[in-house]
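Each of the two complexes below includes chain A, the first together with chain B, the second together with chain C.
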Partner chain A sequence: MLLYNFRIALLSLKRNRILSLVIIGGIALGIAVSTMFSTMRHAFAKDPIPSKSDVLHYVRMDSWDPMKPYPGDDPTQPPTQITYRDMVEIMKTDIPVRQSGTFKSNLLLFPDQNIGRPRKVIVRMVFSDFFPMFEIPFRYGSGWDKRADAGPEPVVVIDEETNDLLFGGQDSVGKTVRIEDREFKVVGVLDTWRPTVKFYDVTQNPNEPPEGIFMPFNFLRPMQLQTAGNSDGWKSPPLPGFEGRLVSETSWIQMWVELPGDRALPYKDFLAAYVGEQKKAGRFPRPLNNRVQPVMTYLKERKVVPDEITAMAVVSLLFLAVCALNLMGLLLAKFLARAPEIGVRRALGARRLDIFVQHIVECELVAIIGGTIGIAISLAGIAVLNNWVKTILNRPDIIQFDPQMLLLAVGLSLAAGLVAGAYPAWRVCHIAPAIHLKVQ
Partner chain B sequence: MLQMNGVKKVYRTDLIETHALADFSLHVKSGEFVAVMGPSGSGKTTFLNVAGLLDTFSAGEYLLDGENVSRLSDDQMSRIRNRKIGFVFQTFNLIPDLHVFDNVDVPLRYRGLAGADRKTRIEKALELVGLSSRARHLPSQLSGGQQQRVAIARVLAGDPRLILADEPTGNLDSLMTREIMDLLERINEQGTTIVMVTHSPECAARAQRQIHLLDGKVVDLDAAPSLSRQALLESVS
Partner chain C sequence: MELGPIVRALRRNKTRFGLIALEIALTLAIVTNCVTMILEARTKMVKESGFDDSNIVSVRSTPFDPAFKEEGYRDNSLKQDLAALRGTPGVIAATNSGFLPWQGGGSSTEMRIAGTKGEMLRTQIYNADEGTFQALGVEMVEGTAFTAEQTDTDTLRLAALSASAREMGADGLPRDKFTQDVVISRAYGKLVFGEASPLGKLLEDSDRDMYRVVGTIEDFYNPYGWPIHEYVVFYANRRRSFEGGAPYLVRTEPGQAVVITKTIEDRLVAANAGRNLQMRTIDEIKAQFFGAQRITVRLMTGTVVLLVFVTSLGIVGLTSFSVTERTRQIGTRRALGARRADILRHFLLENWVVTTFGLVLGVGLAYALNMGLMSGAAATKLGWPMVVGGVTLLWCVGILATLAPAMRASRISPAIATRNV
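What follows is the complex of A and B.
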C-alpha cells in the first residue's frame, strides 16, 4: 500500500507541476538553510574524541587571589590553567593511566638554507603520554618514550605540513631539525589530524589548527622557554627571572589526565589532599575549588561553541518551521481541490486513515524531493562557509557534512513534511464522502 | 438484502430543519432490481447515501444483508462499503489520473487483496464490460458510455452483494443508455441486488420493481390522491 500511495503521490505532483515546484522549492530552501547552519554548529559542538572523551579529564585548581575570584563571566570558576609547580607535584601520582601538562611556545625553526629562511613557529611542549592519550595518528614513526621525557632527549614529532616543508613529505624519521640553537631528531610524523576544536587547549582560539611541532616538555628549563599562550598571575614571583616564574603563582599550563573506570574519584581525592597540604603551607588561600572534568563537560563550560553560531542554527530551524507552516496553506488548498476524488475513494471503501496516510505520503514525498535538493544546496553553502572559515581561522574544511548531519537533514525534511502536511491531510480525511460525489 | 424501518434523516441549520427522509421504510430482497423514482428534492440521493453508508441517519433502523448497520463506526462503514456495496454514479466518478486498470483497482487496494488476485479480478471485470483493450487508457480518452462501463467494471471487480446506481444513464445518449441497462440487467441476472435511482421511465421499466419517493417517503402511486399522482408522474417523466 505504501508503494501504491507513493505512485498516487507522484501522479498528484505531476498534475499541478507549478504548485508542486513551489512546495518542493519551499522545503528545499528551508532544509538548505537549516542544514547549513546546523552543520556549522555541529562542527564546533561535536565531540572531538568520542572514543575517549569520557575518560580524558582536564584539571584545574583554584590557587587564585584570596581577595577576588579569577576574572571572567562566572566567579565560581577556578583559573583555566595551573601553575608549573603544581603540575610537577600532581604528576607524581600514578592514579591516571596517562597524563601530560602542556603549553605552547614560540620558537625559531631553521630549515635547510635551500628551503627557506628561519621562521618563528608555534611548538607544543608535551609529555610522551600526550600522543596515545589523544589518539593522535602517525604516518611515520611514533611519539617518544618516558626516558626521552626525563632526559630530556632532543626529539620531536612534526605534523605532515611541517614534514612536507622540511623533508618534501618523505619519511623523515631519524632526520634532524634545528630549533633555536639545538638539533632535534624526528621520531614521528603525524598523519592528518585536524580536530574541529583544538580541545586540548581552548584557552585561546579553540578553532586554530594543532601545532606543527611537538617537543618534550622538559626542554622548558634548559631552553628557558616562555609560553605563547595565556599566562594568568595575581602575585609577584618570589624570585626574579625564569626560575622565579617556575615557582610563582602564575598559571600557564594545561593539564590533562586519563582516568578510565573508577580512577576519577581517587584522583579527585588525591587532588583535594594535595590542595589541603598546600593550604597548610600557606598557598591556595581560596576555598577548595578543584575541577576534574571530562572533555565535553569542560568544552561546554568553556563555551567553545560561539553563541552566535548557536543563534544562527536556531534561527535557521525557525526559518524551516516558517517555510513548513507557509506550505501548509498551499497543501491545504491543493488537497481540498481534490475533494471529489477523496469522496470517490471513501465511497469505494477507503478509511479515513487510508486517506490520511495517502496525503501524508504525498507530503513526505515532497519533503524527500525538497530535502534532497536542499541538502545539495546546503553542500554548496557549506563549501562557501568553509572558505569563509578558512579566511578567518586559517583552517580548511572545518565544517564537515557527516552522516550525523545527513541523518539530521533527512529527519528535518520528514518533520517539515509532517508539519506542513498533517493538518491538510487531517482536514481532507474528514471530508464527508457524500457531498462531493455528485460534482466529480 | 436492504431493510429500512422508519429511517429519518434531518438536516439542521440555525434557521430551518429539513426532513430529507421522514419515517422511510423500504425492503429490497436479495437479487431484486429496484428502480427508485421521484421528483428533485424527494430524498432519492439522501436515500442512496444512507443506503450506501455514505451518510448517517437521525433515527430508525437499517439492516443490510442481515446486519444492523444503524450505529457503526466510520471504519466499519468503510469496510462494508468496500466489501458489500458497489456504486455506479451518473458522472462516472473515475479518477482522472489513473488508467482504466488502476481505476478498477481502487476498491481492491482498500480490501488488501494480493496483487495476483487483484489482477485476475480486474481483467475479468474489464472483459465482462468489453474494455479489455482499453486497460491502459485514461478516462479522458474514453467516451461517456465507456467511462460508465469502467465504473461498472470497478463494481464488478469487487463482487458486491448490492449495487447502488445513481442515475447511471443520466449523462448518456440513448444507444449508450441501452448498453448500460443491458449490462446492469446481466449483472442482476447473476444474483446481484441493484437499487437504481433514475428519472427515466424507460430505464425504470427495466427494473423488476419501481418505488416512488415524495417528501422523503415511499409513496404508493395507486393510493395517492389523483392530483398528487399526476404531479408525481409529471415530475419523473
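What follows is the complex of A and C.
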C-alpha cells in the first residue's frame, strides 16, 4: 500500500514538473540554509571533549587590584589567568588526578638548512599530564613522563604539520629539533587535531588552531621564556627582569585540573585555604572569588560562541519556517486542485485515511528529495565557508560536519514535510465527493 | 474599485492566503533584522583609524643570529634598518614602534591626573620615536612630536631604570619617581582633563611615576579588547630585543605599499641576514581583523537574497494556482466585458491586499525578533527607516512576483467561459 502511495506521489510530481521543481527547490533551500548555519553554531557550541568535559576544570583566582575589579564586561569575573607563583604553589597538591599549568611562547625554530630559514613558531609549554588530560591523539610515540617534567628533559611533541615540514611526514620519534639554542628530542607526533574552539586556552582568539609544538613547562626558567598570550598586570613587579615577572602579580598562565568524582569539593576547599593563607601574607586583597569550573561552564562564561553565529542559526531556522509555509501553501493549492480526482477515489471506496496517507506520503517524498538536495547543498556551503575562513583568517577546517548534524538535517526535513503536509492532506481528505462528481 | 469583492473572495480562501501573508510577515522580520546586522558590521568595517592605512607596511625583524643578544649590536642594527628604510625611494617615513594598527589589541596601562585621588583611566600605551606620527600619517593638534635626541636619551634612561631593582618605599611603591614625556590622543586628553588643553600637564600611573604631556595627536582609533579604542599614550623609546625583535612601520607614497614591500625586504636582508623578516601591509592586517565580520556579512547577504527568492517563488506559485483555478470565472468576466487590464488589476490588487496584510503582521514580528536577538546576540536596535525600506522592498517583490501569472490570466480568452472544462 505504501509502495502504491509512493508511486502515485511520484506520478503526481511528474505531472507538473515546474511546480514540483519550485516545491522541492524551496524546501531544499530551507534545509540547506538551516543545516549549514546550525552546523556552524554547533561547531562552536558543542562539547569539545564530551568524554571528560565534566571532570576537567579551569582554575581562576582573584588576585587583582584592591581598588577595582579585573576589567571586562562583568565586574564579578576574576582575571582569566593565574600568576606563575600561584601556579607553582597550587600544583603541590595531589587532589587532582592530573593537572597542568600552561602558556604559549613565540620561539625560534631552526629547520634543516635544506628546508628553510629559521622561523618563529608558537610553542605551548605544558606538563606531562596535559596530553592524557585532553585526550590528544598521537600518530607516533606519546607524551613525556613526570621525570621529563622535573628535569626538565629536552623533549618535544610536534603536530602533524610540523612533522610534515621537518621530517616529511615520517615517524620522527627519536629525531632532534633545534628550538632557540637547544636541541630537543621528538617523543611524539600528534594525529590531526583541530578543535573549532581551542578550549584549553580561550584567553585570546578562541578559534585559532592548536600550537604546532609542545614543550616541558619547566624550560620556562632556563630559557627565560616570555608568554605570547595575554599578560594582565596591575602592580609593578618587585624585581626587574625575568625573575621579577615570576614573582609578580601579573597573570599569564592557564591552569587546568582533572577532578573526577568527589574530588572537586576538596579541591575547592584547598584553593580557598590557599588564598586564605596568601591573604594573611598581604596578597589577594580582593574578596575571595575562586572559580573552579568544568569545561562547558567555563566556555559558556567566556562566550566562545560568537553572538553573530547564534543570531544566524536563529535566522536560518526562521528561514526554514518560511520555506515550510511556502511548501504548505503550494501543497494546499495543488491538492485542492485535484479535488475531482479525489472525489472519484472516495466514491470508489477509498477511506478518508487512505486519502490522508496518500497525500502525507507525497509531502514526505517531497521533503525527502528536498532534504537530500538540501544536505548536499549545505555540505557544499560548508566547504565554501571553510575555504573562506582558510583564505581570510588562515584557519583550516573550522567547521566540521558531524553525524549529529546529519541526523538534525534529516529530522528537520521530515518535520518540515509533516508540518507543511498535514494540514493540506487533512483538508483534502475532507472533500465531499458528491460535488466534484457532479461537475465531471 | 473591486476591493470589496476581492476581500470577500480572500475570506473564502483564508488558509491559503493566510499562509502567504504569514510567509511575507516572517520574510519582513528576517530581512529587516539581517540587513540591520549587515549594516552594523559594515559600519564597523568602514570606521577610520585616523592613519594612512593603505600606504603603511608593517615590518617585523626577528633575529636568530646570537650576535643580536648584545645590546650594542641591536642598537646598530636598528639604526641601519631605519636608515635603509628611510633611504628607500618611495618611502615617506619609517618608525620603530610596537604599535600596530588593526591588530585587535596591543598594550595598555592606567593613569590619572598626577597628585589626585581620581579614578585610574585605562589607555593604550606604545613606544614611539622621531618618525612615528609621520609614519602613521596623523596630525599633531598641539605641542611637539619626539625628536631623535629625546628618543635616544629616554631610551637610555628607561634601560638604566629597568636594569636594576627599584628601591621600594614604605607604601610599597618605588621610592624614586621618574617623569616621562608623552604624546597622547585628543580623546584621552579629553577623558582625563576635560575641555582644557592637556599640554604641559602631568599624569601619574599606579607607581606614581609621572608623565608630562608634550603633545596631542588627532584621531586615533585602534580596536582593543577593552573599550579604550580611542585612547593612547605614546612615550619615546627604541624597541629592540632579542626575543621580540624590532617592529617597524613604513609609510610609502600613495599606492606604493604593495610594490615596495619586496624592495624593503631585500634592502633589510642586505643590511643584516641574521634575522627573519615578516612584511604585511596594514590593509592585509585590517582585512584579517575584519575577516569574521566579512564572512558574516557574506552569509547574511546570501540568506537575505535566498529568502526573498523563496518568498517570491511562493507568491508566483500561489497566484498561478489562483489563475488556473479561476480560468472559467476569468473567461466569464471577460465575456461580460471586462478588459485585460481589469483582470490584471484584479490579481495585482488581490496580491497587494494579501502582501499588505502580511507586512502589517511582519512589522510586529520584526520588532519581536529584534528584541529576541538583542537579548541573546548583540544585534542592534531595529530602526524605523529599515522597516519602511523592508516594507517597500516586499511590496515591490509582491507586485513583480504576481505580474507573470496575472499577465497569463489577462490573456485568457472569453471563449473559455463557454467551454466545459
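Criterion: the second predicted complex is superposed on the first by the 421 of 440 C-alpha atoms of A that agree within 3 Å, B and C clash if a C-alpha of one lies under 4 Å from a C-alpha of the other, contacts with A are read in each partner's own complex, and residues count from 1 in each chain.
Here is the rule we use: a contact is a pair of C-beta atoms (placed from the backbone, for glycine too) under 8 Å apart; a residue touches a chain by one contact, two chains touch by 3 or more.
Quick caveat, the model's predicted, so the values are computed rather than measured.
J.: Could you look at A:Leu318 and tell me whether it touches chain B, chain C, both or neither (first, second, both, neither)?
T.: It touches chain C, and chain B stays clear.
J.: For A:Ala434, decide between first (touching chain B), second (touching chain C), both and neither.
T.: first
J.: Check the residue A:Ala350 against both partner chains and state whether it touches chain B (first), chain C (second), both, or neither.
T.: After superposition on chain A, A:Ala350 lies in contact with chain B alone.
J.: Tell me the contact category for A:Leu406 with respect to chain B and chain C: first, second, both or neither.
T.: neither
J.: Is A:Glu341 touching anything from chain B or chain C once the two structures are fitted on A? First, second, both or neither.
T.: In the superposition, A:Glu341 touches chain B alone.
J.: Quick check for you: in the superposed arrangement, does A:Tyr423 touch first (chain B), second (chain C), both or neither?
T.: The answer is second: A:Tyr423 touches chain C but not chain B.
J.: Decide which partner touches more residues of chain A, taking chain B and chain C as the two options.
T.: Ranking chain B and chain C by residues of chain A touched puts C first.
J.: Given the touch rule stated above, what does A:Ser12 touch, chain B (first), chain C (second), both, or neither?
T.: A:Ser12: touches chain B, not chain C.
J.: Report, in rising order, the residues of chain A that make contact with chain B in one complex and with chain C in the other.
T.: Touching chain B and chain C on chain A: no residues.
J.: Would you tell me which residues of chain A are touching chain B in their complex?
T.: 1, 4, 11-12, 14-15, 340-341, 343-354, 432-434, 437-440
J.: Using the touch rule from the top, collect the residues of chain B that touch chain A in their complex.
T.: Residues 45, 49, 52, 54-55, 74-75, 78-79, 81-83, 87, 89-95, 97-98, 106-107, 109-112, 154, 158, 166 of chain B touch chain A in their complex.
J.: Can you name the residues of chain C that touch chain A in the complex?
T.: 15-16, 19-20, 22-23, 26-27, 29-30, 33-34, 37, 41, 62, 64, 66, 110, 120, 122, 162-166, 168, 173-174, 206-207, 226, 243-244, 276, 287-288, 291-296, 298-300, 303, 306-307, 309-311, 313-314, 316-318, 320-322, 324-325, 369, 372-373, 376-379
J.: Help me check something: in the complex, which residues belonging to chain A touch chain C?
T.: Within the complex, chain A touches chain C at residues 19, 22-23, 25-26, 29-30, 33, 37, 67-68, 71-72, 106, 108, 110, 117-120, 181, 226, 234-236, 238-241, 244, 306-308, 310-312, 314-316, 318-319, 321-323, 325-326, 328-330, 332-334, 336-337, 385, 388-389, 392-394, 423, 427.
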